[in-house]
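In this document, chain identifiers A, B, C and D correspond to the written order of the chains, with residue numbering beginning at 1 in each.
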């Protein structure tokens, strides 16, 4: 039967065969009398969509969803006065159609901020700095960006680091180098890690928080190489709501800001990543964003 | 039976999971002779035909066709040599088998059913194979049916195509498995005519049947088989008229009684000779 | 929420390129998979236990595991053993491997469904097993083969979408890129569904023509019987 | 990152537990698909032209588009027309619908191989069409296509793996969760493969045994 990538589909992949629209089907969403935020406040119930396969942000441990994002979510739940939290776990390919179809109230899973997405979804304040980094096999001689000339580089298809990788390639070529030997795009990051380990590719470009944890877990296999340029990408990571739920978005952003200001956020970053990040107040959204 | 036999079967044995289907079966068929093999169902008739064509491998015993060993050869000093598949395949055209179910090839026309084995097995040129097929089908009264597919032929016509297919290989011997059973009763006379006309050309035939009347009419000699071996044989009419063994007698009583024929002496059978 | 068709106009070339590769992969995997399938089917009908056991282990293992897993084992397993090939090649080979198990089963069942006498009557006139297969068994089996093979080929064509997860730039992969650029899931996948559907219609039509050519004689005999036409056929005109 | 056999062994119990979800859903789906598929077949046999034209388009769509897309439509697009289903209901509906079409198509093939003789006899006896269907056609048909139906059941089991995209946490989703925290996608996928293999072999074996017993009682 038709199985379209039920793989460990990751995060920044924009969804795989998401909803197809039967030809002729008209989209007419039921008009909402009350906003999502009002509904949450009235019922005391919140439903969020999470891709719980992205450590250290959200992942499953002993049957429960835990991680940096989950800890923040707990604070948000408290601040919003929610009594009952439904946290749905689903692969990345179901996340954005799910929120658009109203299957959950917002996406409580880290989404890289980029221009196109920002036109269609409302981003909350960032919860992390996803600075792009290059990772290599332990002991390989890749120490500066120029060393990536002639190498096979991998990242995730349609992720926020895909444009970063393309921009890097262009930059190498502009500087007179040959550029990457090949850019391989995987539908999930874990697969690019396996490809790196078995020699299929020479480097993975991914955001630092994820790589830092991976390198800590597998110090014999992987090693951080160097930060790559941020050109072509907005590297902050945030949650998203439906475009018409700006109210809800602002409420969540308010909680995140409060947590940043009173140091709770930094403490969580230390706990999960081992280092703290700077989260800006503005400038994290591309032009034309909601 | 002094002439060199076309078919010589000696001590043929075949066992299926402990049951002896053939138990030291002996039979000689002389050139130009028609032998009818009769016997109760389950006596090993079908197994015999399958072993004679090597569709089933006999456990033991020998088959000789036109003086040449088939399947297994007895070498000097009693050494038994099994023939290779190629040797067996090369000898197979010498034995024409007309299956009870006919087994015509439904995707080929009547003509092509007769042509194809000649070109594939004997390596004849298509033109020559077609000429022979036309001639055979004509002789069997099927000239105007040559272009038809098997499903568009009557039972009797199908049978004659199957006969033509076997004859086209120029066999030394023809085997018939229950040639009357797949046909309507009124067509039995037609089969008889065909077989008789074959006999007139000097063809050697072994006909397995359970119809005594048919056997008596078609055959020179009848062999009665029971429990995997021939237990009585002789000139057709004599065997039926004066069975010597009690087993044949009770078999005849059974089948003739069913056919409501009082006794062998007064068989009301069509005379063809 | 609106349906924004302009996205499809802008990204049409990318999708068309992916569709073309999907089609080529399907054809290649069909040819390769069918050859392998026939070989395994012949193994399965050989006398003797060992070949039959080998064939059934092959068939059952590949048929009972989701394709994505077969693909991953081949794609990530090969480099560990030192073999390095382009992703499209490996992906197509994995797809052919997967499909061959189904084709083998289809061919095996079709051969076994043919009355034994057909093969035997060919052997008895002196044809070798190969000749009997070629002249008598194969042409008849072909008729029963077409419908299930078409089904499997359609399944395989759709399954080729999984190759996107190992960097093969086929239709689904390209649609992911378009998704990444536009972030409009519903529009892109409506288009992708339509393209898969079109390819499927093409395959079904090709098979219908083939079926008509190889199976004309059989069809005629069914509809000749009014009772059979009434109960046993879903396509014929209603008997009056 | 070589293959770690101990890790594979350690995750098998949890994967097997998760497989219960797939098995439960598959059982419901197969029952529904059999029922609906039979009804669709009988409906098609009536040869009402407009109905069969619509059925032909539906069949073409179901056969021609990936199952995942059909699942997406059931879960994410149907709410647009006022049909908001829970994940499991949407998943069951989508796969049953898909499987119904394949069941009916297998029946179409099976019908062609049935001997019309008994039907003629039944008609001559004056039996009414529903009785003929129920007592004569369907029993023969099910016996004939039993192997195909068993095969379809294994396909349904594999199909349930796709329900992870609509928040059903099944074997595959559990494997994905494990892979992402252990960074061992290879072992977890092989583990999931083993679980699917065992479930489907069990189905095939049970089917064959049932078939053999059925055949034996008929002799």
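Odds and ends about this structure:
Note that contacts are C-beta pairs under 8 Å (C-beta built on N, C-alpha and C of every residue); 3 or more make two chains touch, one makes a residue touch a chain.
Chain-to-protein mapping (UniProt): A = Polar amino acid transport system substrate-binding protein; B = Polar amino acid transport system ATP-binding protein; C = Polar amino acid transport system permease protein.
Here the structure is a predicted model, which is why all the values come from computation and not from measurement.
Touch-path distance (fewest steps) from subunit B to subunit D is 2. Taking the mean Cα position of each chain as its centre, B sits at the greatest distance from subunit D. C-beta contact counts were set side by side for B-C and A-C; A-C has more. Spacing of subunit A relative to subunit B, judged by their CA centroids, is 81 angstrom.
Rounded to a whole number, the gap between the C-alpha centres of subunit B and subunit C is 45 angstrom. Between subunit A and subunit C, the centres computed from C-alpha atoms are 37 Å apart. Subunit C and subunit D have Cα centroids separated by 18 Å. Among the residues of subunit D, those in touch with two or more other chains are 61, 65-69, 72, 76-77, 158, 161, 172, 185-186. Among all residues of subunit C, those that touch two or more other chains are 66, 68, 72, 76, 80, 158, 161, 186, 189, 192-193. In subunit A, the residues that touch at least two other chains are 1-7, 9, 16-22, 27, 29, 97, 100, 188, 191, 194, 198. Each chain pair that touches appears in this list: A-C, A-D, B-C, C-D. Those residues of subunit C that touch subunit D in the complex are listed here as 60-61, 63-66, 68-70, 72-73, 76-77, 80, 109, 147-148, 151, 154, 158, 161, 186, 189, 192-193, 196-201, 204, 222, 225, 227-228, 230-238. Note for the complex: subunit D touches subunit A at residues 1, 61, 65-69, 72-73, 75-77, 79-82, 84, 98, 155-156, 158-159, 161-162, 164-167, 169, 172-173, 175-181, 183, 185-186.
Against subunit B, the residues of subunit C that register as touching in their complex are 115, 117-118, 120-129, 131, 135-136, 139-140, 217, 221. Against subunit C, the residues of subunit D that register as touching in their complex are 2-3, 41, 44-47, 52, 60-61, 63-69, 72, 76-77, 102, 105, 108-109, 111-112, 114, 116, 119-120, 123, 129, 132-133, 137, 147, 151, 154, 158, 161, 172, 185-186, 189-190, 192-193, 196-197, 200-201, 204. Subunit C contributes residues 1-3, 66-68, 72, 76, 79-80, 84, 87, 155, 158-159, 161-162, 164-167, 172-173, 175-177, 179-190, 192-194 to its touches with subunit A in the complex.
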